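Encoded as structure tokens, the structure appears first; notes follow it.
Going by the order they are written in, the chains are A, B, C and D; count residues from 1 in each one.
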């Protein structure tokens, strides 16, 4: 019972989740070659760290791309992080590693964009409140005012930036003003506007979108209407990184639920909402735990 | 977009859901014998009703029990209901039917009992707010005060009735005072107290409970701890009617989710919460749509 | 244990499955109007039949299309079938019904077309052998000779009709010779050739195909390679009626299974094979039980 | 298409599966302490091996038990295996490791025990034939003669050892004669006799059983009848290592499928058979890939 968190309390100042102190994540990728796992784990062992989780994957042991996520515990990590990074740079240079070191007690700062559907947004905020999603929801941006009260009840700022066809460029400029530098991730939680290429290039952090179909089926608008007319027996949702090609970015997570001829497209939409919120929650959780590596137009989730 | 309902508005006075006007449900059961389907459907046709959904099931065509749920549309149903019932009584007498006639535009009045876990409670209220669960949540009763603000934000009264070992009888008496006559259904949305037989017999309506395991596995307390120690690969939840035998009542709905050795029992609990809330929501929805018939210690869901 | 059927025994002469004697299925569809359910059930009651299963669905109670499948028990059905049909013709005329009456003890005669992948074919034959799929597999046609021994071990004739680009028309003519009039259903159990429009129009019975993707995603060739390159997290299979537009016919059943970045496209293919065989088995079972109604480019499964 | 394997050809002499040459698996477990991952991976790197898969898990970084499975590629592994083992013994001594080194091109020799239900047995043999399950089915032992022809058609010896209440001890002695020393694993593929403690202790290798329920629900006999009477909405199957306590051994894999009130217990049994065969196939596959570590009464599957 002690795990209960009262919803309504401010989240922005949330203290770190239990079990995250002194826990680091070392993320590396490189062209695959022998000895990388040994080099990384020896480096950590020599610095007194204990590995508590290690995931790795190679697209091809010969000439492929190698990805590794190593979670470790090291007493006094925050004080030592800078020195650790400086010393790991040598290992990285030797193996040609792209790498980063993150701390589990520093949750990602997340900006959420939403229109009028509340189910994905509320599910994320509720999971944060329960202490099961380690992210810091610093602000919500919406092109509609409808959800202001509900968002603010979670102690999260709500910023209303209307968008019309004529004002889209200005609206995106204002969105960038409030997001850029303030967030490590943008989540489109059923934000019903297409973000321009300029926005995606300028925002300076990854953008995750939830699409209400099992991509690549039913790309574009009104997927539930499309699904109904095609008579499918399963409907789904897809969380992916937003890219310039709409609905074509790297897929992080997908799921489906069973339907039949007896559901109208409005009912498909309601049932789909349950899938959307759980798929988006898993994708955001994995991203915030540094599990997702982009590889071409696909992802590796470790 | 027009389907959006602003959460926070009072639900108790909610107008009927779209599509429910003039829609009735005729529920019958009897010892199986030829001609029941014909008698019921002919009765409806002769009264100008159009059948829009018909579900039936017989446990055994010879000597079994027969169940039928017929949903129909009849112009001016509310004005004609009394006459319809009087005339159907003749059909019922002829075939020895147990029966009832309900109207889709009269949602069940539901009392929710809860302790401190909010996930099942909020999910129900949120689905009501979205217009996808046709029930009228008239009040929430809790043995803890924690969730008062969140419940009242939905426009639903919250009544705090503390329970201790010594005051359990009095507490149940107070619970009965506020529930009896006011509700058509009680939902135990993770209410962590055992209801006495006296309570169940006195409350005058069905009681649905959500148990946090795949019954009959892991009956009793701490099912997630039990599941972890047994090394199971799936955890589940079960919604059932509460009966004198704890965890033994007729099962309405169950579901599971996949886990592995890598999850702690605390993580099993968090993942299980997602299953609990969706299983309970489905069970309550089906009950409120008059789909669930009790048959011995099992159910028939039409 | 008495349910065991020795594989290897001839199936073609299989006696009816238990529980099918004197069981009929009355299938009707029409433009929706009040009174159809009453008329059909009254007709059956007046003829002494007991309804044991009734499924119905209307695409729209106002101006929609209505479908009903009624399973009934009638002593001496086979002797009475002709009279029953003659008398039901009057009811049908009154309501403008399209209808048919089938007997559960007359399994559909099925011709299976296959190339070299054996998993769908063997699963169907194995289910017939176990007594869980009520169909009569009268012959297997293949463009390769590989599977002859395995098919004949089930007591089912295997006919090898090679197909090359130049001989396709002749080959289809030979296929039609052996199928037309001999079968009530053709199942393409991973038959890797496209059937011509001429074939589909001439064969005189429905044709069910299994497509190795979750349609409409990944239409066309090599869906597992497409799925791998797109980084999807679920792969699927779709059973549908074959129509002139390849991969576009009415969907009967679909399912998916979870995959990750770690599977190669060859592994996706192996995992997909499990989904394909179970999806096809369900679709064929439902068709053989007269559960599937075609409606435009979708299906209603009752 | 080149992946097709003609069923019916002898399996016992099967050549190694593609991609297994020069691939080794180093399995270690110990009380958790820093440096194990580094020591193992450095050892492999120094011997010229390239890690292609690494899974590890600790029950608790402080005072828990640590498990690691490392799959590597090393040119000329078979010639070097002995030297590698001798040298790794030093590392193992330093860290107190329990360990073993296996080669992917040496499939486990498997003895299958079966009674009269064929579905689990045939599914295993069929997967071996397709080249998707890397095991060597050296013999099948049955207390009934029914399945002799089907087993021998796969090129696998079938040994009929009848068992009666009076001859059970002698029968087990004969079973041990044919199994002991000849197999690395025994699979009870719906073998309907209880194996004595003596047998389990004498057979000299692990024994995997498939139980036809979602354990721990419905332990004991007739689980589908139990499930029907309890009105459950899901039925399942459990693959576990057989131990002296029947139905209580460490669980390897479980799955479920949805059912309703409308299925008889005979239908539950048929639907359950599909779950049983896929659950058993996954458990046997994982065991044969050296993925399953026993830990108390649970398993760690890496």
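We take it that contacts are C-beta pairs under 8 Å (C-beta built on N, C-alpha and C of every residue); 3 or more make two chains touch, one makes a residue touch a chain.
A quick map from chain label to UniProt name: A, B, C, D = Formyltetrahydrofolate deformylase.
These figures come from a predicted structure and were not determined experimentally.
Averaging C-alpha coordinates per chain and comparing to chain A, the farthest chain turns out to be C. Interface comparison, A-C against B-C: more C-beta pairs in contact at A-C.
Rounded to whole angstrom units, the spacing between the C-alpha centres of chain B and chain C is 37. Chain geometry summary: the mean Cα position of chain A and that of chain C are 43 Å apart. Contact of a single residue of chain C with at least two other chains is seen at no position. The touching residues of chain D, when paired with chain A in their complex, are 32-35, 37-39, 41-42, 44-46, 48-54, 56, 58, 61, 73.
Chain contact summary for the complex, chain A toward chain B: residues 1, 3-4, 6-8, 116-119, 122, 126, 130, 132, 146, 149-150, 153, 266, 269-270, 273-274, 278.
Listing the residues of chain A that touch chain C in their complex gives 57, 214-218, 229-234, 236, 250-251, 253-256, 260-262, 295, 297-301.
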